[in-house]
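The structure's right below; bear with me while I get my questions together.
Chains: A, B, C, D and E, in written order; residue numbering restarts at 1 for each.
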Amino acid sequence: MLELMPNTLGYPLLSLLIFIPIAGAIVLLAVRNAAAARWIALVVSLVEIGLCIPLLANFNSGTANMQFGESMSWISDWNINYRIGVDGISILFVALTTLLTTISIMVSWTAVQDRVREFMVAMLFLESAMIGVFAALDLFLFYIFWEAMLIPMYLLIGVWGGPNRLYAAVKFFLYTLVGSVLMLVAILAVYFTAGGTFDVLALMNYKFGHDFQLWAFAAFFAAFAVKVPMFPFHTWLPDAHVEAPTAGSIILAGILIKMGAYGFLRFSLPFFPDATIFFTPAIMILSVVAIIYGAYMAFAQTDFKKLIAYSSVSHMGFVTLGIFALNSQGLEGGLLQMINHGVSTGALFLAVGVIYERTHTRLLADYGGIAAKVPVYATFLMIITLSSIGLPGTNGFIGEFTIILGAFKHKVIYAVIASLGIILGAGYMLWLYQRVAFGKVTNPHNEHLSDMNLREVVAALPLVILVFAIGLYPNAAFQVMHASTEHLIQHMQAKAQTLPAVAQAVGALTGH
Amino acid sequence: MIPLSWYVILSALLFTIGVVGVLTRRNVFIILMSIELMLNAANINMIAFSHYLQNLTGQIFVVFVITVAAAEAAVALALIILLVRNRGVVYVDEFNILKG
Amino acid sequence: MINQLVFAYFAVVILFSAIMTISRRNPIHSVLFMLLLFFHIAGVFVLLNAEFLAAVQLIVYAGAILILYLFVVMLLQVDRETKSSRANRFWPWLTAFGVIIATEIALLVLRGSFPGENGVMMRTMPGTGVKELGIELYSKYLVPFEIASVLLLVGLIGAVLLAKKDAKE
Amino acid sequence: MSESHQLLNIAWRVLLFLVPALALVAFILANAMYLQLMERKVLAHMQSRLGPMRTGWHGVLQPIADAVKFLFKEDVIPAKADKWVFSIAPLMLLIMAFGSMVIIPFGPPTDFFGILSHKVPMLVSNLNIGVLYILAFASVGTYGVIMAGWASNNKYAFMGGFRSAAQMISYEIPMAFAIVTVVLMAGSLNLTDIVNAQQGRWFLFTPLGPVVFFLYLLAGIAETNRVPFDLPEAESELVAGYFTEYSGIRFGIFYMAEYMNMMVVSLLVSIMFLGGWLPVQIFPHALAGVAPIVWLNKALAAIPPTLWLLAKLYFFIFFYMWLRATLPRYRYDQLMAISWKTLLPLSLCVLVASAFMKQLGWI
Amino acid sequence: MPNSLHDFFQQLGPMYPEFLVIAVALIALVADLVVPRGQKHLLGWLGLIGLAAAAALTLSLAADHAGNTQTAFFNGTFLFDPFSVFFKMVFYLSCSLGILLSMKYLSVEDIHRGEYYSLMLFATSGMMLMASAGDLITLYLGLELMALSIYILAGFMRGDGRSNEAGIKYLLLGAFSSGIMLYGMSLLYGLSGTTNLNGIMTFLQSADLTNPVIFLAMVMLIVSFGFKVAAVPFHMWVPDVYEGAPTSVTAFMSAGPKVAGFAVLLRVFVHALAPLQGHVSAILAVIAVLTMAVGNIMAISQTNIKRMLAYSSIAHAGYALVGLAAATANKAMMVDGSASVMLYVLIYTVMNMGAFGVVIMLRKSGSRGEEIADFAGLGKTNKAAAFLMLIFMFSLTGIPPLAGFMGKFYIFKSAVQAGMIWLAILGVLFSAISAYFYLRVIMVMWMYDPKQEFSLLRSPALALALAIAVTAVIVIGVAPSSVLEIARASVLGLM
């Protein structure tokens, strides 16, 4: 049974993390100067990163309990509380969020010239909402943050996006909203079934009826699958990625689409273990389809961003494959791969942003041979490409390898297909790199490209470091998450035992 | 001795004639008059019930219905005068600045 | 017997003039049929021992509301229908719908029951009825009475405000 | 009750209704015809003329000659007139005038000097809502005028009809308020009760009585479209007003209706303010000790009540004619202004004032 | 005599707020004669002061009556209870916002007349009486008082054919629905022998519910109130009337009367017709679905912002009807279902009137500013206005943490609690569809380039109204607790 361990730091760390950006945004509303707005936003985001240090330092990886917990009554008539806390599953995302937000603000420094203040306000609101999503331990609170995220993201895409931004923004908004509202109904049903509580920890312990689990799972799935996005709910993603500004793409790929998978881990699996097992085959199939389909589509793309977007579909297929393998390797692999993907895809979009700012084109045909002109950039891109492929020594390798291990234990065929996906991934990424960096300079505009400047390097550096850090010393990450994932497996097992047949299946899956 | 149901059925028929008038006619005056028919149907009902129940509430209600009908007619006709002054139409399907 | 015949006469004329009201091409004829209708409804009221309301029906409905209609119809000179069709094109369907609804209501009323149905037709209320009505109106239904006065004021304001021409217009 | 008995009962009730009704009709028709002669005579004498002199002694047969003429004259309906409405309009007026008369009591219940076994009321129908009924019919009377004006399809008639209708509606309101004030004083809607309530003192002599009387009389004159409010028939502007196009018997009906309405107004004034059939008494209390006065009062009281009422009626009829001979016509806007800006506020004030006075016991 | 007079005034006490509002309306009417042209907004401020005083009076009366759930006055024709207090406060709010929104706008439209404010106040007093009605007669008269005032207001632009059309259309359909309502009421009276709502409930509790006439009466009442709150299929009048009426009137009309309609719906169906609960609920649920569907789907294709908001208001009536269907589902749901409707109408009032406030800002001489396209690029040039509109639009969509979400959440929560999960699912799906047309406004404002110079209508009154609305939207969205508690406590008056 998980508990909410109260925060003992003496200051409400998580609340600060959540609300400092909002406070910053409100301050920004009063600022008229664009440069000042940039600096304020940057400072706020750096403060957030700073706050992550005590968070990680004081985190106790030995327990699966929720830490840094805060709880107070919010809407007492509905038994809604402001309950927040982090465990091994969510803490890494909180940290990643602060990091990627800072990077996004940095890459937007010159890319965004229009309505800077509003842009920064949106970024900061977004950061608050994202951290809130990961920290919320009350379903209602979670939903509030989950939905609130849509507003700034919609604006980021719609106002500062590319030429087709309106279509992409609306599509993004509607897809995710439809999924979310279905989840809302399920949340309400869960609330009433469990006797009137939104408390996530209490709900984890509540044993829902089998039929109820099935449809409630389906409703939650609607929200999370769209967000991940799983095939066939992914069609908003390429549009959104392509049209979003660089910062938007980084956040979108780095954090937002992780939330779907996070939702599976935090809610779907512990709440509805029976339904999870029931739906697992279907989800596994969808996952491998996504892996292959995403890779296949990536081959066909001529647009840099679109290619990365489809690669995301493929990579997120790995994540769901790992999670629904329902064993510790799969889970941990999936989790780690989420972080990895956040880092590497974030970096890839950063790379696109850097080059786009100079060439104002994203068509691969317009590049070619730029390695000679911009060596730093080419190196950076190379490292990220290799990480994305999963070259040993980089973070991608660890994640994908662990997932395939988990999938192998679940069912061999999935592991085989997933491996095929890795090979395809290597193919399109390398081909991409070749088209961009190698060969002769075909486009005369690229003759006078300038290399990455200091600001961009500073923005990219943390990501490069993370690529290697995780690749070389993955245990640091695994350690943080291990207790929580183990507990999750055991919890499911224990909870699903009410149904003997299912229990056996879980037993078989988890190797007990 | 007239059964109560006779009155109620009379009023039901009158009410329906009023409804049909509202729905089918295009002349705004006739629509207004059809609405008056509906009100009168309700009035017959009220008074019949009032008589059979031996309580005056129904009659009181009718007094107020008639009052309201008068006030409403005044405003309605003022609006129609305006409409004719500005647009020269009294047919509801010719009220076509608004899409309808 | 006599009462029933009288009722039958009233009912037939009421329904006839109602149908004529909604079917005439010339609104002035409609108004005149409406007048006929009001007289007979007043008659029905008298049958139901509601003489006061019969008078009010004539004074207010016939004497004020309907005459206002007549005034406006005549003043606006809209008595000549210019279009060939007087009803919208769905009128046969709507009329059929009306017939069905009327039948339905009638059947429901016949099948249903009203508590007062077995009441006697003799007046047991003391006095003339007008006095009692007045007392109820000024005591029990004082609030509605006051509202009605405000309502009439609003009607007055509205009519003056809307229909009056500005000096500059 | 057996079938035949029931039928007999019905027949008796019908008879009870028919006899007074026929009597009333006869009375009204005779009056309507001869009031016309009276008017011509009165006007003539006021203008130092003689008036009709040829048909019969001092023209007493003139009304009959006129009636014959009306009856045999061609009944012209204009080609573009709305025939139905055109034909009904005069009838409407006639019905309304008759209708109003139905509830007017011509005296207290009487047994006709012992001819009948029990007392019968001197009216056709004793409705408990009495005055309201009059108001109802008065308000509907407007229709006849406006229908006639419209149906003639003649702009003079139309204008005349309109003016007349607007005038009638305008003056109905102060009239109604005046009547309500009387009702307030009498505490009943029933005309017989109203007369009985004046047993000791006519309403004309109550503190507010003259004002109400004046209000009602003015409104009544306007309501009947008579001088000085005879705008609808302003020959110089509108030819003959709403009945310009009428001829023959229909014209005659309009003519009659006018006199009938005058009668209704005069009767109501008498009943509501001058004690109806109550005899004139000369200071019965103040001069109770003066013998000649007491005898006079006794003699006056001995005159049958109905005659008293008729006397008052003809006095007011004469008053009407007197006005016609004396006063010029108002302009239309003046006419409306009088009603809305003077009579209406005045009548409201009077009503409120008399309500207070009644509450304080001053009336 | 003095004794009875004293009693009389004692009894009059709970009606003082109504009297006050009417008195202020009358004062404004008379004062109009001396206030010069161009200074008519003074009458608006007078009205606001009156409303504030009425609000204070209502609250003090509520404090006096604290503890009593329902107190009947004048033989049950007038009720004073927390339920009516809640709605009266909403009416004060909507009328105040309406007046604030009107002041400048009326001058621009050149229809700044003193009667306008009087009519607003008369309409408000009508609504107040509707909320307090304990008798069908009071209810009917209150409703007509409100409706009549609004017919006039809708046709207030005398020289404009569109406004006239709006007025006459509103009147025709309003009178038509009143006719239906009256017929239903007459049947109800014939059945129960009383027009008192408590009496009707007492009658129904012991009545033979197989009597078809009861259902005839019920259906007629539902139909007529459906007209009043613009539920499908009785919504045809809404877009035309909203488009044609002066925008400030539209703003008022979209909130006040609709809220009053729901007050009556709650009073009649949750309280008086309580024994018919299940049947009412089934019909209301179907109407709610249709209303949400038509409102949301038709709104998508609108190009005129007033028409779009008209359809949106239809859709919002649909959501509130979901709550009503939940409230009438069974006895246990009465409190939560009714409270959800009450909370929703309050939230709807502020966000919708806020949205109209921004629409009004765009009205200036020479351009109506009513096309959605007219908003193009507003976010570039007038950030504050565009930002406000953004908040109102997202709130209308129901995106947290804005008030609109809390309202919808409570509605759907009630539906789920009442076991009508299907209704909740349809509701949330339609509300997702609604995002499309609300987003379009935001899109046009923020993502298009300006086509024209904006010279927005500005006035302190307008700013105040918008500030109130936006504060309410955000505060209720973030901390709904207190409002929620008040709504739940107020429902008790219904029982």
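The definition used in the following text is that a contact is a pair of C-beta atoms (placed from the backbone, for glycine too) under 8 Å apart; a residue touches a chain by one contact, two chains touch by 3 or more.
Please read these numbers as outputs of a predicted model, since none were measured by experiment.
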item	value
Interchain contact steps from chain A to chain D (minimum; 1 if touching)	3
Contacts common to chain B and chain E (chain labels)	C
Chain whose Cα centroid lies at the greatest distance from that of chain A	D
Innermost chain by mean C-alpha position	E
Inter-chain centre distance, chain D versus chain E - centres from mean C-alpha coordinates, in Å	53
Between chain B and chain C, centroid-to-centroid distance (C-alpha), Å	6
Distance between the centres, which are taken as Cα means, of chain E and chain A, whole angstrom	43
Separation of mean Cα positions, chain C and chain A [Å, integer]	70
Multi-partner residues of chain B (at least 2 other chains)	8, 15, 18-19, 32, 43, 48-49, 53, 57, 60, 64, 68, 71-72, 75, 79-80, 82
Chain C: positions in contact with at least two other chains	52, 56, 64, 75, 105, 109, 114-116, 129, 140-141, 144, 148, 151, 154-155, 158, 161-162
Of all residues in chain E, the ones touching two or more other chains	137, 141, 144, 148, 151-152, 155, 158-159, 167, 190, 193
Pairs of chains in contact (touch as defined earlier), listed by label	A-E, B-C, B-E, C-D, C-E
Interface residues, chain E side, partner chain B - complex	136-137, 140-141, 144, 148, 151-152, 155, 158-162, 164-169, 171-172, 175-176, 178-180, 182-183, 185-187, 189-190, 193-195, 239-240, 243-244, 307
Contacting residues of chain E [partner chain A, same complex]	379-380, 383, 394, 399-401, 405, 409-410, 412-413, 416-417, 421, 424-425, 428-429, 431-432, 435-436, 439-440, 442-443, 446-447, 479-481, 484-485, 488
Complex contact set, residues of chain E against chain C	15, 22, 29, 73-75, 77-78, 113, 115, 118-119, 122, 125-126, 129, 135, 137-138, 141-142, 144-145, 148-149, 151-152, 155, 158-159, 167, 190-193, 208, 211-216
Chain C residues touching chain B - in the complex, by the definition given at the top	3-4, 7, 11, 14-15, 18-19, 21-22, 24, 27, 30-31, 34, 37-38, 41, 44-45, 47-50, 52-53, 56-57, 60-61, 64-65, 68-69, 72-73, 75-76, 78, 81, 83, 85-88, 90-91, 94-95, 97-99, 101-102, 105-106, 109-110, 114-117, 119, 121, 124-125, 129, 132-133, 136-137, 140-141, 144, 148, 151-152, 154-156, 158-163
Residue numbers on chain D that touch chain C, as the complex places them	6, 10, 82, 84-85, 88, 127-129, 132-133, 135-140, 142-143, 146-147, 150, 158, 162, 165-166, 169, 172, 176, 189
